[in-house]
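The same subunit A turns up in both complexes below, where it pairs with subunit B and then with subunit C.
This part shows the complex of A and B:
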């Protein structure tokens, strides 16, 4: 078990900067997800923590200790590969015992620890089977068990669920959470799937183009994204982003979309945009569940008019795709009363609206409303 | 499994065939058509493999030699009920040649294997100049064996560079000393054929999934443990193929020795191939050569069958 401090770490491959000036503090026993689109540098970050890559600049501390000159073999880091890297020429037993055998653990201890881990992972029935004969789901469990058995100081998982079928993935997600609690281990989890990150992690580090965008609890990241990228990346269904030019001054601010729709802004959101400096314009972010139909509920809520382009059923809910002057807005339809082609009035809940600078992507907050 | 699927696809093809025209009929008749396609190759094989083999078998049961003045197909006139094989069993020259061949195989092939394995391990990771070294290491394999023979013939002369660099007197002879001549041949063969071992073993080593090696390292395995427990077991098939290939090639070694020592001094480096050569062209004892050739064929087949059966086992 170990806490990890990543201090101003940069990794360059030749000209290409994969990770730039990244700093993350991970407390002992925390479950942290590194979340970002493909190629954002999250796997590189993980590899640097594991010692598979060396940081070009900066340092990574384990309990305050720099391990960058410790050979990989002696770091005692559990690592679950995306494709599990099971030793397919060995039996399941041999796979589980490998980490103990190479560390000269006494024979009788190996037997009992392998038995215990096999039981925990539901692999007892196939201990003597060749590992190559396992199903993908069993391989996943074996990969986790093989790393966990040596009681590593930290546990790194590289997109461990991406090869699983949907049903087992959901099961494994909850299983991972249980395992993490049982082992009490610091876990770092790399994923591009924000749902996985949101449901598993204590904290999420969102990375884009090698830079840390935001680091916080799932709720924090969801409710209070610090920029347009995070807002857009986190949440399902996706947040609506209304881009346009901001016109007018205090009191009577307007956002004019490319399609020509004029959105009158009042109150807090209007003063948020007062901070806008870029000439490229601004952007309003609003999550689908914060859009409502029918009567206006608060005076500052933004009123829009559009027609229903598509209806999409997602479980018990229905999503309405609304077209407002060639801009699409997705809303949750609570009343289940709309049909395609309807013209409707709808409202964006004012205190849920977020203002972003379209150029830099930064969140704009105006302080006093 | 494969039988099942081919049956299914055959029945599918025939089902379709009833409905559609030309192409599906070709599919249905594919088997018959295919036989005609392979027929020329089979005919050629019969001509160059089966026929000479049978001819050799036939001659080996006679006393026939080309000096008899009788065409080979009338060799039955001197049929001898397999006496050649009896002679072979008690021919000290044959057994000595076989023993020398075995010596070369048992010393040269393991030497080549371990050298090749070591070299291959050095080449797993990238290092500056890897490509250049790779080409250099492979060069000996590309040289014609006769030229290698000449090279080592010159190197091992009494006043040659080997003695010079080892500070040995010119009277210290390699190729004319009955004990050292075989060693010289083994050294030359190892020089030439270690690269082939290296090449095959490197291919096998690079085929070991790198993430499994990484996983093994992360689990705390030392390089030696990982090599022994992960890399080597995964290379079993490749190793078997490489060794069988080299054993068979070693058994047939000829040109190198012919140039370096011509089997000498005396018969000190006379291997099976040289023994056969002498019997064929010096003694013109072709019937006996037929018997020896078949015996050798059986030995080689046993080596290959044993080695390759392990490959087949590993596959399953």
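This part shows the complex of A and C:
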């Protein structure tokens, strides 16, 4: 077990910067998700932590110790690769025992530990089968079992679930959570699926184009995204982002969307936009559940008028797709009283509205309202 | 009704006609195909047939004396006897050099040459593919094959004389290893290129050294390729004539060179040469059978879900 400190790590491949000035602190026993779109440098980061790639700049410390001169085979790291990297020329048993054999674990211990892990992973029935004959789901379990069996001090999982079908993915998601509790290991989990990250991780590091956007607990990044990318990436259903030009001085600020809708802003959100410097405009972020219909509840809440374009049922909830001057807004409708084509007044809860600079994407937070 | 039926009937007849035409045509093209295949087969098989039958014909059957026949009239092992013991019934001329020495020389030099080429080729191509060490090696190793061997043979002979490698088993093995290295290198390179790096990384992370990854993971994965490579290189070495002719004199004369010495006062010893060819064909076939189960058409790295 080990804490990990990633300090200002940069990785370049020739001219191309895959990871740029990344700093993440991971505590002992923590489950951290690296979340970001494909190609943002997640695998590269994992490879650097494992020691398979060398950082161009910066350092990675394990329990405060720089291991960059320790050969990989002595680092005691578990790595589940994105494509599993099963040893297809061996049996399932040999795949599981490989790491133990290499580390000169006594024979009788190997047998019992392989048996235990096979049982844990439901692979007992195919221990003697060639690994190449397994199904994708079984390979996935084998890949996890093979890495976990040596009880590594940190456990790296690179998109372990992305090749699986939906049902098995949900099952493995809960399995992983149980595994992590059992092992108590520091785990780093790469995914491009925010739901996975939100449901599994203690902390989420959101990465875009090699840069760390935000690092915090799932609730933190959800409730308090520090920029427009994070707000947009995290959360399902997605956050609404109203982009437009900010006009008017303090007190009577307006956001004018491309479609021509004028949104009058008051109170806190209005003073947030006072910080806006870019000429490209600003953006209001509001989550669907923070939009309501009916009576106005607070004086600063933003009132909008639109018509119902589409209704969508997600479990017990009803999502309303509203059209306001060619801008689409999705709202959660707990009253369940609307039908397509209805014209309706609705309100954005003022203290849930987030202000972003459209140019840099940064969150704008002003002084007191 | 009738009016409705007729076009139908007509169309049925029509389809029938066209179908039979296609059948006829395809039969004809099939016949041509088979004729061509048979011809190709005959061209390839006839020399083999000739060699095998000739090997078992007595002296007077492969001289024009009694007229040529397809099959041996009085099949005999005399030709083999002559090769192994230097004399045979009905032949006054004796052979001062029997097949034992050259057979041994061929086996030793081809095997050693194959080991040199395959070991060096495998290790160097792996180094190029995985560690990007001397990437230019991939092309420069081809230079060994870029010019006609005859063009470099004089310098090679001088060099081999200098290092004392002429007419030694190691001298010939060494040149065999060098000359077939490009084949081994490129063949193994194509196989190593196919091995996903993550499989090796998984083994490294699990605690293996580079060397262990190579012989426990990578090499077993490319085993079919390795088998193909061994067979291919061995056949190349086994059938060499030029190098052995120029770099051996007496002690380490190989089978192909030895074959050319099977001339006596009675003229060319076709029967003996055929018997020799028959014997020479055995080791490569044996090797092929030995590693046959590893010779797989395509390598399967099925586990990888990209």
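In this text, the second predicted complex is superposed on the first by the 369 of 369 C-alpha atoms of A that agree within 3 Å, B and C clash if a C-alpha of one lies under 4 Å from a C-alpha of the other, contacts with A are read in each partner's own complex, and residues count from 1 in each chain.
Definition applied: a residue touches a chain if its C-beta (ideal position, glycine included) is under 8 Å from a C-beta of that chain, and two chains touch if they have at least 3 such contacts.
Everything quoted here is computed from the prediction, not taken from an experiment.
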Clash or fit, subunit B versus subunit C on superposed subunit A: clash
Which of subunit B and subunit C A:282 touches, first, second, both or neither: neither
Touched subunit A residues, subunit B compared with subunit C: C
Contacts of A:244 with subunit B and subunit C, given as first, second, both or neither: neither
Which of subunit B and subunit C A:163 touches, first, second, both or neither: second
Subunit B versus subunit C as contact partner of A:132, first or second or both or neither: second
Which superposed partner A:50 touches (first subunit B, second subunit C, both, neither): both
Set intersection of subunit A contacts, subunit C complex versus subunit B complex: 50, 52, 72-79, 81, 83, 85-90, 98-99, 102-103, 146-147, 150
Residue ranges of subunit A in contact with subunit B within the complex: 50, 52, 72-79, 81, 83, 85-90, 98-99, 102-103, 146-147, 150
Partner subunit A, residues of subunit B touching it in the complex: 209, 211-212, 214-222, 225, 229-230, 233-234
Residues of subunit A touching subunit C in the complex: 50, 52, 71-79, 81-90, 98-99, 102-103, 131-132, 134, 136, 139, 146-147, 150, 163
Parts of subunit C lying in touch with subunit A, wherever the complex brings them together: 196, 198-199, 201-209, 212, 217, 220-221, 223, 300-306
